[in-house]
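Order of writing sets the labels: A, B, C and D. Residues in every chain begin at 1.
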Amino acid sequence: MESTARDQRFYQRLAEVAVAPLWRIPGTTDPEPVVDEVPHLWRWRELAPLLFEAAEVMDLGEEAERRALNAYNPSRKFGTTHNLVAGYQLVLPGEEAPTHRHTPGAIRFMLSGSGHTVVDGEPVLMEPGDLVLTPSLTWHDHRHVGDEPMIWLDGLDVPFVKAMRAGFYEDYPGRELQALLTSEGDSVRRYGAGLAPANDPWAKPYSPLMNYKWSTAYEALRRLAEAGADPHEAVRLEYVNPVTGGHVLPTMACYLQLLVAGTATRGLRHTSSTVFCVVRGSGHSVIGGKRFDWETNDFFAVPSWTWYEHAADPGEEVVLFSMSDRPMLEPFALYREQRA
Amino acid sequence: MESTARDQRFYQRLAEVAVAPLWRIPGTTDPEPVVDEVPHLWRWRELAPLLFEAAEVMDLGEEAERRALNAYNPSRKFGTTHNLVAGYQLVLPGEEAPTHRHTPGAIRFMLSGSGHTVVDGEPVLMEPGDLVLTPSLTWHDHRHVGDEPMIWLDGLDVPFVKAMRAGFYEDYPGRELQALLTSEGDSVRRYGAGLAPANDPWAKPYSPLMNYKWSTAYEALRRLAEAGADPHEAVRLEYVNPVTGGHVLPTMACYLQLLVAGTATRGLRHTSSTVFCVVRGSGHSVIGGKRFDWETNDFFAVPSWTWYEHAADPGEEVVLFSMSDRPMLEPFALYREQRA
Amino acid sequence: MESTARDQRFYQRLAEVAVAPLWRIPGTTDPEPVVDEVPHLWRWRELAPLLFEAAEVMDLGEEAERRALNAYNPSRKFGTTHNLVAGYQLVLPGEEAPTHRHTPGAIRFMLSGSGHTVVDGEPVLMEPGDLVLTPSLTWHDHRHVGDEPMIWLDGLDVPFVKAMRAGFYEDYPGRELQALLTSEGDSVRRYGAGLAPANDPWAKPYSPLMNYKWSTAYEALRRLAEAGADPHEAVRLEYVNPVTGGHVLPTMACYLQLLVAGTATRGLRHTSSTVFCVVRGSGHSVIGGKRFDWETNDFFAVPSWTWYEHAADPGEEVVLFSMSDRPMLEPFALYREQRA
Amino acid sequence: MESTARDQRFYQRLAEVAVAPLWRIPGTTDPEPVVDEVPHLWRWRELAPLLFEAAEVMDLGEEAERRALNAYNPSRKFGTTHNLVAGYQLVLPGEEAPTHRHTPGAIRFMLSGSGHTVVDGEPVLMEPGDLVLTPSLTWHDHRHVGDEPMIWLDGLDVPFVKAMRAGFYEDYPGRELQALLTSEGDSVRRYGAGLAPANDPWAKPYSPLMNYKWSTAYEALRRLAEAGADPHEAVRLEYVNPVTGGHVLPTMACYLQLLVAGTATRGLRHTSSTVFCVVRGSGHSVIGGKRFDWETNDFFAVPSWTWYEHAADPGEEVVLFSMSDRPMLEPFALYREQRA
């Protein structure tokens, strides 16, 4: 049946009552996910200078609560992938980023310098390589310690939470910085050794362990490497919530991965999207058919359902940190993966 | 610090490397969800004629696999709310809608006529008021029975699945209609009475009961009404998965609600979005401050975090069917509600 | 090494400090469970007269709180099996069994007459064939209704709870009968139709449905029978907790089973123990190699890990109710079954 | 109503058909658990010599598979408590305890010497203070290493498994010792650091971590001690299954507890029973009103629902290891505790 004038009037009338004919909606029978996001690499060499320049452009605490540069996927206005946002954040000696909380949850992977992130009253010491959590609705702020600039990789689920129309935000009542309620390292003390306090069970929907120390994680990774590598994932550990054995946050999973110098992984794709950060070494990834060469502290986005593989340069042991939105898919049986 | 030419150059250079300064991203500190969707009502009186006219414009099975009119929120191109899509679907005597499957899950609430929806080989008889499930990745088709046009309300999670980049679609291999594997009513026979087959446990992530019969549901609602009504929710039952006690689908919850003639509910809002369909009676809702008068078979969208209340006309017992995206929020502790 | 006088002194000295040499403890390397309990049948024809005679021997409410005859396994002083106790209970017109509660949970399968069991304030009408729950620590009493004697089969987990040293018991404070808090049939109204009240989630560790009506259960069983029978289990339904899909009580599972006239099941054994009650028809079971002929209202014990099979007499449709301690084994992966 | 001759005949006739009148069954209305077991202390000084003497009385591997002295509660023939059995086990230089498996699960707390326990092919190095698991149905054997006698405390759930009629036992087919499938420390490598292998999820009902090293556990305990002590439990950690956050075995929970020199705990009782082993220091406990003075390596039983409190001698930091049957009670909501 060809589209006659009558048909056109019919479709016009549908639009007038805000309905669309299913048989004309594009994408209805697409056999696979349609992914707008593109693979992309953000380079430390390019961004670090801009981060320091930002310190001249804006005053932390005065003009804004955070000095963060958010990487956005070139196909989008906001979001490193459709669900995750990553970026660098800088706190200079003497500075503090004030206390607030929000429904989006965040992870911080420390790159250089040191300082405290205070989470619901617990001062958490951040040192290079540490993974620190500031889960959904926990009060948090960042306080510089020492002489060096404090820089980390931020990872948040903001695009997802906003898409779900569930974003709430609150400044700390009355004053700028929350009170300290415990001593430093309290959560590591309680949950950091495969044992748990026997007297007060943890009931919140996120990990009670706020800091996953670099030395512990890297040592575990090296030990696991002795047992051999998976062809698609190399040697890979997940940071786990010690009271559930599950992901660190309800929305995000974090991993640490090792590629022996000169080795490469085979192609892999999955419906989850991922942001990788290069913790050690140099190499390259081929993502959606495009090659990206990377160095320490660079980070890159692998969109959903896009083939990718990594290679470590000869003579370079590579450690990759990554965050994934896989926990957002699993409750709905929407996670799917394919191996080349 | 005023925005000088130097600042402008700085911000320009950020854009060149695909990063955004967090302190300039709009909405970062919005205290509450920003909801673009608007409340809207779709009227049976207006849409029913268009649905029949659609039968003249397109041939079911020839030109397209489904004759469905999808209601889109006036603020969007696609989606009745940001996560759900609803609409009417029509199958005429002698017609069949061919077999396919997809990751989006669907519910069907029958409005008139009768027919079979075949779900993974089970012919499910649909009669007015029945709720029928075609969960994610189940093979399904629709086959007319009797003399009257078969019309139902569709409800799917397509906007969510597409936003999550997880939509897969497949036509039934080889032929147009799947083979029947069981007799009619098999799932009701196994799971429809508060008992369950003792010998083969059900392990899929959705309800094994494919049909929730109107007579059973309505009778349960009338009985529950004897115990009184909640001021905000009136008398409300959830259709439950008999092997988990949870929602019927991993992504969608369905409810049946009764308002005694002449009564009204008090204001309520939640981060989940809802599509209501009027099964019986007439009345009105006030949604986001706007009044919508409705009659039997009309349906309307209540966006996230938007105040709403319902009223039954004098002399009119009202029954509302509704579907909600609440299961999409719960795994992440993103569901929140407020009562006036 | 033969047992010398020196060895004997050694073993004697062990006993003096309350230790036993593992290598001399009998049963340490038994390949399969050692089961002391024996199969046994209790006949309605023999016990019913004794039950009425009990009414002459003791006054209900005066001398004792319950007029129950507890079947004990001939190999034991207490317990129909090692974990379960079953028996008949009688309440005569005009009588009431006072309110109390205890950690053991109970099920009641109604045999004749009618009356109310009040459970935490809800009057539950018991009619022949109904399964009624009085879960752990619920206040309960039994009140006669009508003209006929009210008789039911009791099933409790007392032997298990006592063996676990966890038995607590309490009489209702102040008066003999608890106050009624809801109208009759409240839990059926809320949970009896595959739907659940949407506004107040149930959080207790047992089924919120206190009564599983005979007509519903039997009709479901007949419908399921149309789909054919399992060779070892015939046609078998489990009564399920509608908010979890699991067993009705944390410790006990209940089933209803149908054997078509003249048919038989094949041999089966499992580490759980079972008490069967004949609801309809006559036939026989072979348990541990011994034949037991039964009629309506008889009940019999099948010990753990003991082979058994059932046969319905020609011309007699058989319905068996059963209770099992399988839920006590499952949390520990101790349930195992074998089919002939 | 006094017990007449007629009554006596009635009760006699009940016994003839294997039923008991509920109103005459002792203990039916006991308000609290009736506990037969008694508190008891087993002294290292007394038992160690007997353990070495046992090596002269029986040949390991020849006459018996294990050289273990099982502590039995003086009120019972078998079982340190009603659910648990504890005891010392000895393997001398050059000896091996052959491979077998059984449904009872076991924990081993190492006291002196060193050696391997091989668990399903993984050689687990046992050193003083280590907690090693040999869960239900895992193949396991013990192989001496070094020059010193290897002695540990055994803890098993045998009394429970036997009472549940669910004990199965099997020798390793064909040869005496199972083959090694992984290198030493494999499970610690995979799960011992708050991270988990990302590529192959663990699905068994017990902890994948077979060894909880002393140095890690003790360091965690010392760190937790800095945060203060609970008045009833002092400083107490639970060894947890890293993939569930729950107990190490489905039936048993293990704890490590510290009392600062000269401090004491207040009275506590619970429906679970416990075996405590003194890892460091000396002191005493008052259990059920009776005082027990203990030293390093002694162990003692605290029966269910029995008040107890511990005190560390002046100048002696005390570390207590304990195993509990609490996981056997929790699935049934039978765990209850009271604090003085």
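Structural remarks
What we mean here is this: contacts are C-beta pairs under 8 Å (C-beta built on N, C-alpha and C of every residue); 3 or more make two chains touch, one makes a residue touch a chain.
Listed by chain with UniProt protein names: A, B, C, D = Gentisate 1,2-dioxygenase.
Here the structure is a predicted model, which means the values were calculated and not measured.
Distance from the centre of subunit C (Gentisate 1,2-dioxygenase) peaks at A, each centre being the average of the chain's Cα atoms. Centroids built from CA atoms put subunit B (Gentisate 1,2-dioxygenase) at 32 Å from subunit A (Gentisate 1,2-dioxygenase). Subunit A (Gentisate 1,2-dioxygenase) and subunit C (Gentisate 1,2-dioxygenase) have Cα centroids separated by 53 Å.
Subunit A (Gentisate 1,2-dioxygenase) and subunit D (Gentisate 1,2-dioxygenase) have centres, each the mean of its CA atoms, that are 42 Å apart.
In terms of inter-chain touching, the protein chains here make up one closed cycle, each touching precisely two others.
Every residue of subunit B (Gentisate 1,2-dioxygenase) that touches subunit C (Gentisate 1,2-dioxygenase) in the complex is listed here, in rising order: 182-183, 185-186, 188-199, 209, 212, 216-217, 219-221, 223-224, 226-227, 230, 233, 236-245, 255-257. Per the touch definition, subunit A (Gentisate 1,2-dioxygenase) reaches subunit B (Gentisate 1,2-dioxygenase) in the complex via residues 1, 7, 10, 13-14, 17-23, 25, 27-35, 37, 40, 42-43, 46-47, 50, 53-54, 57-59, 63-74, 78, 82-83, 87, 100, 103, 136, 161-171, 205, 250-251, 271, 273, 303-305, 327-329, 331-336.
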